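So that you can tell them apart, the chains are marked A, B and C in the order they are listed, and the count of residues begins at 1 in each.
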Amino acid sequence: MTIQYLAELAGTYFFAISGVLAIDDKDRNWFGATFTGFVTAIGGGSLRDILLGSHPLIWIDDIYFLYAILLGVVTSLVFFNWVLKLRKTMILFDMAGIALFTIVGVEKSLSLGVRPEIAALMGVFTAVMGGVIRDTLTNKTPIIFSKEVYATACLAGAILYLILESSVSRVENFLLSAGLIVLIRILVIRFNIELPSLKAKQ
Amino acid sequence: MTIQYLAELAGTYFFAISGVLAIDDKDRNWFGATFTGFVTAIGGGSLRDILLGSHPLIWIDDIYFLYAILLGVVTSLVFFNWVLKLRKTMILFDMAGIALFTIVGVEKSLSLGVRPEIAALMGVFTAVMGGVIRDTLTNKTPIIFSKEVYATACLAGAILYLILESSVSRVENFLLSAGLIVLIRILVIRFNIELPSLKAKQ
Amino acid sequence: MTIQYLAELAGTYFFAISGVLAIDDKDRNWFGATFTGFVTAIGGGSLRDILLGSHPLIWIDDIYFLYAILLGVVTSLVFFNWVLKLRKTMILFDMAGIALFTIVGVEKSLSLGVRPEIAALMGVFTAVMGGVIRDTLTNKTPIIFSKEVYATACLAGAILYLILESSVSRVENFLLSAGLIVLIRILVIRFNIELPSLKAKQ
């Protein structure tokens, strides 16, 4: 449990950094940067818990999540140009973040007694909705509307977790399902795979 | 009750289709389409229940609503070009959807003990907020900010329901109030009626 | 308590006006204007209470808040051109509004038992999130992403309130902390102060 907790904190930290990086192309102030980092890090999990009626939200109950976000923001601001150059490296952290948050979301939802289909959906929400809210607030079209396979990878991992749930241990399941998400993301980026677009032919 | 339940499921199905259709003008992947359909179908009712603190949300509690949405998305994707040509027909389904969702929203709110003014507001929210959230996520200006009479029709129906509540049976009230919404929408579209705009004259 | 209640009602009224004014540059109908005024006035407090799991929301429980909003919308619509010319005067009301809502948000959060860091954050949310939601719905980039010191003033007031909490009376603390927010806003506007921007130098 302590490993999952630390990993969730780390995921929050890296999501906060990716949130700040999302505003690099315009003049922005430190509050806007902090706000964006915060929303990216807690948006998905908060939406999940609000939809499920589960309170208190983890970052309201456990102050270390707020500190992890502030640390991520400070990291981004202090090492801004340096972090930007590391953007390709950041993709790795983002992968780890969405893989982890997907499975954490599935587990949390199942523990609240919802059906597997809803748990899978909530796993995907946990991973992607922070970014969706961030993109909406900053007037960008969220990444899940673009062609790259992103939420689909999370959904595949969530479904694998639910299939394996009764046959392997929780730790094995966590590693296998999160690993599938990372694997799909690596293959997608390496081979530039896209989902078929839905273009009207008229 | 079973008729209202089936009608609510049908409304969810048609709202999911209208959500997918809202993204036709750009390249979009199947996940984005599913997400948009989902948000359009459940956004209004979910926002109402979150504001009222009423849990669990119906689509979390009753899996058939998720299936209705998936069916709507599949319908849209399989018959994409065909559905696009039927867009004028879809307006009829949209009318039925908002009429139904408005009255369902008013009834649900009243059953939770709120005042009639709040119930009317929640009825309108139930009908229009799914579309507002969808438009916001896809970077469009929501339809309720444009001049066409849309939310106004829902508000009129909600108010009629509240006025008639103590004098006619629930089924009669449902039909009369929902009928008023459909009637206003038909007249608005037929005669191209617009609300007066608020243009500054300086 | 009755003074705070009246002041909160007044803040709601002025926030509703500022919401309607936010849509002046385009053709909009009365429903869109009402909706925007409503969202601006209740968005911040509602988000705070939803995040904290505190129900019922004040405007659902106390109908006078809805009436204050409707009065603000009617004021804006009836005196539209007149109110626009008073826009500089409106800045004063906006200042009073954000100062009041910040401290009300901090007090409400503390009364629900959260930590001071969370209470400060919730105070800022109460003051600024109504405007953020309004700007997002109308496809503008929220003001907190621009360079002007806005949310920062709220944060300073919230922190002062928490520092003074155990040493001065509640009324004194309210006046001092809210006064600091107003003072910072006046200085910022008078001397055109901006937060340092985060521009990548590459």
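Here, a contact is a pair of C-beta atoms (placed from the backbone, for glycine too) under 8 Å apart; a residue touches a chain by one contact, two chains touch by 3 or more.
Keep in mind it's a predicted model, so treat the numbers as computed, not measured.
One rotation lays the C-alpha atoms of chain A on chain C, and its angle is 120 degrees to the nearest 5.
At the interface between chain A and chain B, two copies of one sequence, fewer than half of the residue numbers in use are shared by both copies. Centroid to centroid, with C-alpha atoms defining each point, chain A and chain B lie 30 Å apart. Contact of a single residue of chain A with at least two other chains is seen at positions 50, 136, 139.
Residue ranges of chain B in contact with chain C, taken from their complex: 50-53, 114-115, 117-118, 121, 132, 136, 139-142, 144-147, 149-152, 155, 194-202. Residue ranges of chain A in contact with chain C, taken from their complex: 23-24, 26-33, 35-36, 46, 50, 55-57, 60, 63, 66, 77, 80-81, 84, 136-139.
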